[in-house]
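Right after this note come the structures.
Here subunit A shows up in two complexes: once beside subunit B, once beside subunit C.
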Partner chain A sequence: MSTPASMTWQKNPALAWREIDDETVIISPNDSVMHELNDTGSFLWKNIDGKKSAAELAELLAENYEVTPDVALSDTQALLEEMSSRKLVVTVPATGGVSP
Partner chain B sequence: MFDAQLLGAASERYAAFTDATAHPINIALNHGAPPESTPVDFGYEFEGAVLRAFSSGIRFDGVKNQYALDSLLRIFLSWKLLEHQGFLLHAATVIRNGKAYIFTGRSGAGKTTVATLSPEGSVLTDEISLLRREGGVWRAYGTPFWGEFKAAGSNSSAPVAGIFRLLQAPENRVVPLRPMAILRTLLPNVLFFSAEQESTRRLLEILSRAANEINGYNLSFRKNATFWEVLPA
Partner chain C sequence: MDGLISRTVQKHRPLSVHFDLTYRCNERCVHCYLDHDDHGELTTAECLKVLEDLARSGTLFLTFSGGEIFLRPDLYEILAAARRLHFDISLKSNALLVTAERAARLREFGVRRVQISVYSDVPAIHDAITKVPGSLERTLAAIPILLEHGLQVKLACPLMQENLMAYRGVMALAEKLGVPYILDLTITPMMDGSSGPLEHRASVSSLLPVLRDPVLHACKPQPSSAAASTMDALPSTFGSAVSSGIESAAYEDLPCSAGHNSCYISPYGDVFPCVQLPQAAGNLRREKFEDIWYHAPQLERLRAIRESQLPICSQCEIRSYCERCPGLALMEGGDMLGAYERACALAEEKAKLAGVSAPISALHLKQNTALVLATVEAEFASLATDSSSD
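Up next is the complex of A and B:
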């Protein structure tokens, strides 16, 4: 089940990362595991700032990669789910509420 | 505990690397614990042996053999190099025409083969290379950490000609790598032991800089000395 498009995302603050050649290398210091993001993943990664929702990230993706809003949203959600499963990103708990 | 035999062996092994700096690091070996109030800059435990780095020097306690001391020294050096734009790499380094050719790869990739096929006296190390950026130039240094080649360590350095990822093949060939591919080559072969976030960030910054500034190649090579013919000058 996917996370709602209105949910905002942030980078996992424990990680170290660098961008080279429009790709991103991320290292998790605890287990020394290396992750790589392609062009699109890197674009999202740069824009994940703890304030933007999946829907807002998808809008940026659509503007920059000439894809339809529907495709951008499904791509964005798929990438966020993938990054979330690898613990690269986490959802920002709603203020005053509890994250589902 | 004081182990004269261990101290003697260590002194001999690292002799060429102990007198070349204006700011030598004091090393205490198995002299017991320091005062508890002394703040530790960096600590690591390996098979019961403990490394503690202080501003005044480093201490090794519980070290039972040369192998443990060697391992802890590598760990200390990998940490210390972060403040000197440097890192340790599983790689053989060979000097040719005044430049350092760095051959990296996993165990069995051919590091020792390359060292064995190189002229006597030209091999800085067959196992652990030290790379460091000084005055805008990357230089490779020999280290006392040797593999199967078992020659004496060479405490000298040269500007880096390139990093070559070893791939054994029926023919010699070099293929230039993009910076991202160079970083991908470096990361699994770098010696690093800190799980601390800031140190990891610093290391990644140094490696990214190296990947952007040093020429890197895939080197397919036959197990003979003819591979030198295809290397860039």
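Up next is the complex of A and C:
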């Protein structure tokens, strides 16, 4: 089951990462695994700030790339879920703080 | 990883930076290439400014080293800044000053890996190299502490005359600790060019038992046990184990990564292509990192070098066995583009071990040809003298 589109996301603070020429490289220090995000993945990564929900991120994606709002939401949620499974992002509970 | 290496090499992004915070050290290793006096280290504020410049320029992999980094009283302040700027942080240390509290702080500041120099599993050998009695015991005591705090540890063992046959003990030690290791045959001159450390370098002939050891060929240490995996999102994202990337095909016709996507910064702010290539491209007290990295003539010249165009080495039939280093070519042979004796001799031995019949490097071939020509000329001259005197 996917996380609600209203859920707010933030980057895992333990990560090392760098945007290099519109692509983002992320290192998870615990397992030394490197992840690379392409242009659109990097765009979303930059905007994951602990304040925006998946729906808001999708809206930004649709505004900046030639995708329909439905596709943007579906792609955004898919990426967030995938990154969440890899512990690159975490949801922010309504009360604030980071949920595991 | 290959894609990242290719992109950063092509666009000259400084992906990896080795930043020595101090040359001061609490050991006095016999083979060390550094002057341990403090000649005016970058201040904390200057270090933080360097880190900001590096982050803006695209550096991800940052190695802090020395000297002994724990001798920098502002180490944690610098690490905290590196953490805020999202670097992947590694340290090199002799670990003499590691305590549980310090290990916890390294972890807190996001340090991923600590590389520790271990010269032998025998205290008398290790301590004779570091010139600090009890240093092996203290160094080894630090390793479980670091591991318990979630830091990765890697052993580095430079091999020289004093510890040449100690590598098996270090390998066994690494295996017992469950950590990777690296054996290094490189002993370099001092950074000012003086040759003191080379007195400790093992001769090529004495290295032969090491080069022939089947254990070294059967057991290649890996930097990480993490499994590579793939993910398919928007539309291409993937995970892979982080490695040095030095084996990447992106460097195919380049001597190495130096100046292409990596560089070295001294405690005094000098920017070099590599710690083994001591030609300063600029100083961060006077110039911005970006201005040095993208415009220094020294770096532009280095970037133009292609192995296939080297005057001697491009003709060499055993190039694939050679680990020529442009820095050592400069320091030992006086020419960054040239061949140098030690690399050629080692390449010949490695080629022999691989089954190549009578391998000879282009440098030695040229020297032999010159010798033959000189002998023939001398004989002709002698004959001419004889006939004129007749």
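Convention: the second predicted complex is superposed on the first by the 95 of 100 C-alpha atoms of A that agree within 3 Å, B and C clash if a C-alpha of one lies under 4 Å from a C-alpha of the other, contacts with A are read in each partner's own complex, and residues count from 1 in each chain.
Simple rule for what comes next: a residue touches a chain if its C-beta (ideal position, glycine included) is under 8 Å from a C-beta of that chain, and two chains touch if they have at least 3 such contacts.
All values derive from a computational prediction rather than experimental measurement.
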Superposed partners subunit B and subunit C on subunit A - clash or fit: clash
First, second, both or neither for A:41, with subunit B first and subunit C second: second
First (subunit B), second (subunit C), both or neither touched by A:68: neither
Residue contacts on subunit A - larger count, subunit B or subunit C: C
Which of subunit B and subunit C A:82 touches, first, second, both or neither: second
Stretch of subunit C, among 40-48, 220-228, 238-246 or 364-372, that runs into subunit B once the two complexes are superposed: 238-246
Set intersection of subunit A contacts, subunit C complex versus subunit B complex: 14-18, 20-21, 23, 25, 27, 29-30, 32, 34, 36
Subunit C to subunit A touching residues, read off their complex: 1, 3-4, 7-8, 11, 13, 15, 55, 58-60, 86-89, 110, 112-113, 150, 152, 223-224, 226, 228-229, 231-242
Complex contacts: residues of subunit A adjacent to subunit B: 14-18, 20-21, 23, 25, 27, 29-30, 32, 34, 36
Touching residues on subunit A, where the partner in the complex is subunit C: 14-21, 23, 25, 27, 29-38, 40-41, 44, 75, 78-79, 82-83, 86
Subunit A contact footprint on subunit B (complex, rising order): 178-180, 183-184, 187-188, 192, 194-197, 199-201, 203-205, 207-208, 211-212
